[in-house]
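Everything below concerns the one structure shown next.
As written, the chain order gives the labels A, B, C and D, with residue 1 at the start of each chain.
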């Protein structure tokens, strides 16, 4: 049935009616829905905090230095991602591989730091059910971690796909889309970090 | 009894603001009825007049390019009607019922604590002060956890599924729930307010008709939701005082017995 | 960032032209702002001030990522328009906390160990200002 | 543009070669073709509508004859659900919750968006398929497991959800069965999100040359607005559902306040949550959802009316603007479902005003539909009857929304049968009626055959009469103060005088079922043995009729070029009374 090649004819950016490639428009729409998802969680956070009798300041309950290092790790991975995209445009396969592997590696590093953080909470018998603060903390960061894992899967897929399809006309679009998603995950963390840890 | 106050239309009006709400319901229904009939006549006329006839082609309207068209005329009528309703009816009546409350000192005060599937009513008694309620003291014989060590609780009365109110004086109710969301709904008073756990929501009503009415739960609260009801007895002030004396705990009796007694009353 | 010269071809195919130097500069700014927001938090400002500063810095960081890493600057107006629609629907997210704020007197904070008695009737004071004309 | 045609033609060539290699599974089950996926959605959602309706028929017995054993079926239910064949409160609540969930999320939305949108939208804009065919398939194959999971919850431990389709906590956190409902909802939300992204990209990007936005049929506009609503309104519910899931599975307390005492026992959750938060988030989705239920049927009605009055509809731009206006406004009206919920009474006034404002575009659309009849040459065929029935029925539904949207009168009418009557007039006699009209209208497109007219008339008049018999008494009951969600209304004195009306409603509901039998027979019989029709049996102008019926893979033999607006009927100087969009000289 509709093999990729049929639809590819319609994905040539110059040929779409709006002038935006399908994949790019699709990924932005997806990100818009993700923004609504995380906005809801942030709204719930504000509502719950307003309604709470007391709310711990982040630095009392959480490990701020580790989270700051993690923030820097995630921001760096965002930079390597955009550099990987630059290498695709420059048609530099080995450069692309280098930066993409860095992105994936940094994402893993983020998850490892995060698991240390979770682990120390669990050893102190702090679980999502401990208090409403912990519920918010674990749910929001947990959902963010799931998004990080999703990003790792996509980026790893692209890394392997590059072996055969690096010169495919749609490949740059795919890397761009994965990049948009990855930067979005970064932005979510940029807000999560101060909201939960610093204020 | 039933036949007098309930029927196919609105039940009998038994509170001071019931008339305001009834006025709105009647006004809107007459308006809706008129709009619909006029509209239906026009609609039927169009269907008959423009039924397909052989050799008679459809008439195209002259082209117009803007968003504004003649179809907005009904909108303007609707808008004017709605603006009138909002500012001269809905907001004033809503404020009267839901945002402006009688002074505590001038009102008859009760607390209503909803639970699956009963309405607990807490009267402050002769001293006008509510005794403390403590979650830890909740027991099947003390459904609201009244703290009998609190002097203010000595003359408090706790009833299940029975509310008494005097006529001609506003009753101020603090509404709360022990478990899930319930809804305080007395059709004759035209009052409805959800009882939300973790919140204390004020409700007021001034009954103006003596009688026995019905308090139903209007928010799905579990398997026996449809069996969750209570009786509302509106009495003359004299009868109300008499009744209050009859249920008041005897001072010498131990607190727990008295609560139990009033509970099963 | 109207740097069209290096990769005009890419732009023609709908892909934004990359600019490596700029990316590195943004990276530096992001790291600086991250450290700044943590340093500010050491002052233990009162909640209102802390929230204002932290959100200001976070919004600035997010806009840097959006504008340059996600190439939203100079992006097709269809995408900008759609994000505008999305922002409009976010109005609702301000109304929910507003409701919570207005309800602060009705919310009961129960001590599970020992309930502090029936809470004071909340509406006595706020009832007047809420009175509609 | 020439280049584009070549591309499409080339693409089509490669199709015809690929055609033979497809197995049955690839062609009819895991199909990537928007037409097959559309039909999969159509059949599945019609079956779900029937299942939801069956639940209601069982519930109607409990309402009409409370406390009496359900004949025949009652003995088939397990004793804990229906002791001695009498429907228990738990079972009634489960049926009620699942009726709402199935009808809204598994019936009407997939029918309006998944079925009609998938099949008709790409054809109407002249596209060979959806923009992301694989995602389209994934959307259906997430929807179906979600639906089956919902149904399976009846036999899973804990039973089906019984907290209403609105699932208000803390009840939904205490009640059994809710976890499966939440997982099912997350699947359905994911499916809808994939579908809506696909629809928006397809509509914006895959239009045939010449198909400008203002030349798109109104059905396409309605789907576009609907998809935007789905895309932006569903994620908040997804987040809310995740939090409720956390509350149930990980014992957090997003929605549980401190000091909950359930049946005499102190609840173990740490507390500190807000029950009203769920209601806000739920209705943040569920109000736009109402328009998701309503807009595609409105688009269908506009298509059918334009076709059967043989003239352009009145106020194309007004309708487009109104649809967009409805879409935008629907995000700021949600709390009118919460006037008596304990929400701030001051904030209610804001929502009162926005609610009244959103009635303006709805009235504008309805007026345009009526004014479109003026000057027409009206053909009363079966689809047209359904489309015409939509107008007064939706009118009643819309008008009765007025006293519910006004804060003061809503105090009395909230959560009574008046609400049930109101939204069923909107969704059943409105949306579902219009979509059945759509089935009759596009059936020749799907199968190249026509549905039987006599059975169609029988189906129409019987359905219309019965639907009014079911829903109109509810207004009277609501005014008498009868509450919804009671399995035994006779437990309350004020319900007794209107109890006979429950019998009227129930008997009408069972008759309504009987009148669906001719439709079911007609649908399947006509699929194989209906009268064969020509390519364009309704003499319609829109692009879906510019390709063979049923369309081959890739839809158009040659990418059509669009020369004019969607409804150029009775064009002066044209030889026929319809001027198709793709024909240059008429």
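The working rule: a contact is a pair of C-beta atoms (placed from the backbone, for glycine too) under 8 Å apart; a residue touches a chain by one contact, two chains touch by 3 or more.
Since the structure is predicted, the reported quantities are computational estimates derived from the model, not experimental observations.
The chain occupying the central position, as judged from C-alpha centroids, is D. Averaged C-alpha coordinates give centres for chain B and chain C that are 40 Å from one another. Centres computed as Cα averages put chain A at a distance of 49 Å from chain B. Centre-to-centre separation of chain C and chain D, using mean CA positions: 34 Å. Taking the mean of the C-alpha atoms as each chain's centre, chain B and chain D sit 32 Å apart. Counting partner chains per residue, chain B shows two or more touched chains at residues 91, 94-95, 99, 135, 198-199, 201.
The set of chain A residues touching two or more other chains comprises 18, 20, 25, 29, 32, 36, 39-40, 47, 51, 53. Among the residues of chain C, those touching two or more other chains are numbered 78, 86, 89, 96, 100, 103, 106-110, 112, 115, 130, 132. Chains touching one another form the pairs A-C, A-D, B-C, B-D, C-D. Listed in rising order, the residues of chain B touching chain D in the complex are 2-3, 5-11, 20-21, 24-25, 28-29, 32, 35-36, 39-40, 42-43, 46-47, 50-53, 56-61, 65-75, 78-79, 82-83, 85-86, 89-91, 93-95, 97-99, 115-116, 135, 138-140, 178-181, 183, 185, 187, 190-199, 201, 214, 216-227, 229.
Within the complex, the chain C residues that touch chain B are 103, 106-108, 110, 112-119, 121-124, 127, 130-132.
Those residues of chain C whose C-beta lies close enough to touch chain D in the complex are 78, 85-86, 88-89, 91-92, 95-96, 98-100, 102-103, 106-112, 115, 130, 132. Of all residues in chain A, only 1-3, 5-7, 9-10, 12, 15-18, 20, 22, 25-26, 29-30, 32-34, 36-41, 44, 47-48, 51-53, 127-132, 134-135, 138-139, 143 touch chain D in the complex they form.
Residue ranges on chain B touching chain C, taken from their complex, read 91-92, 94-95, 99-101, 103-104, 109, 111, 122, 130-136, 145, 147, 150, 172, 174, 176, 198-202.
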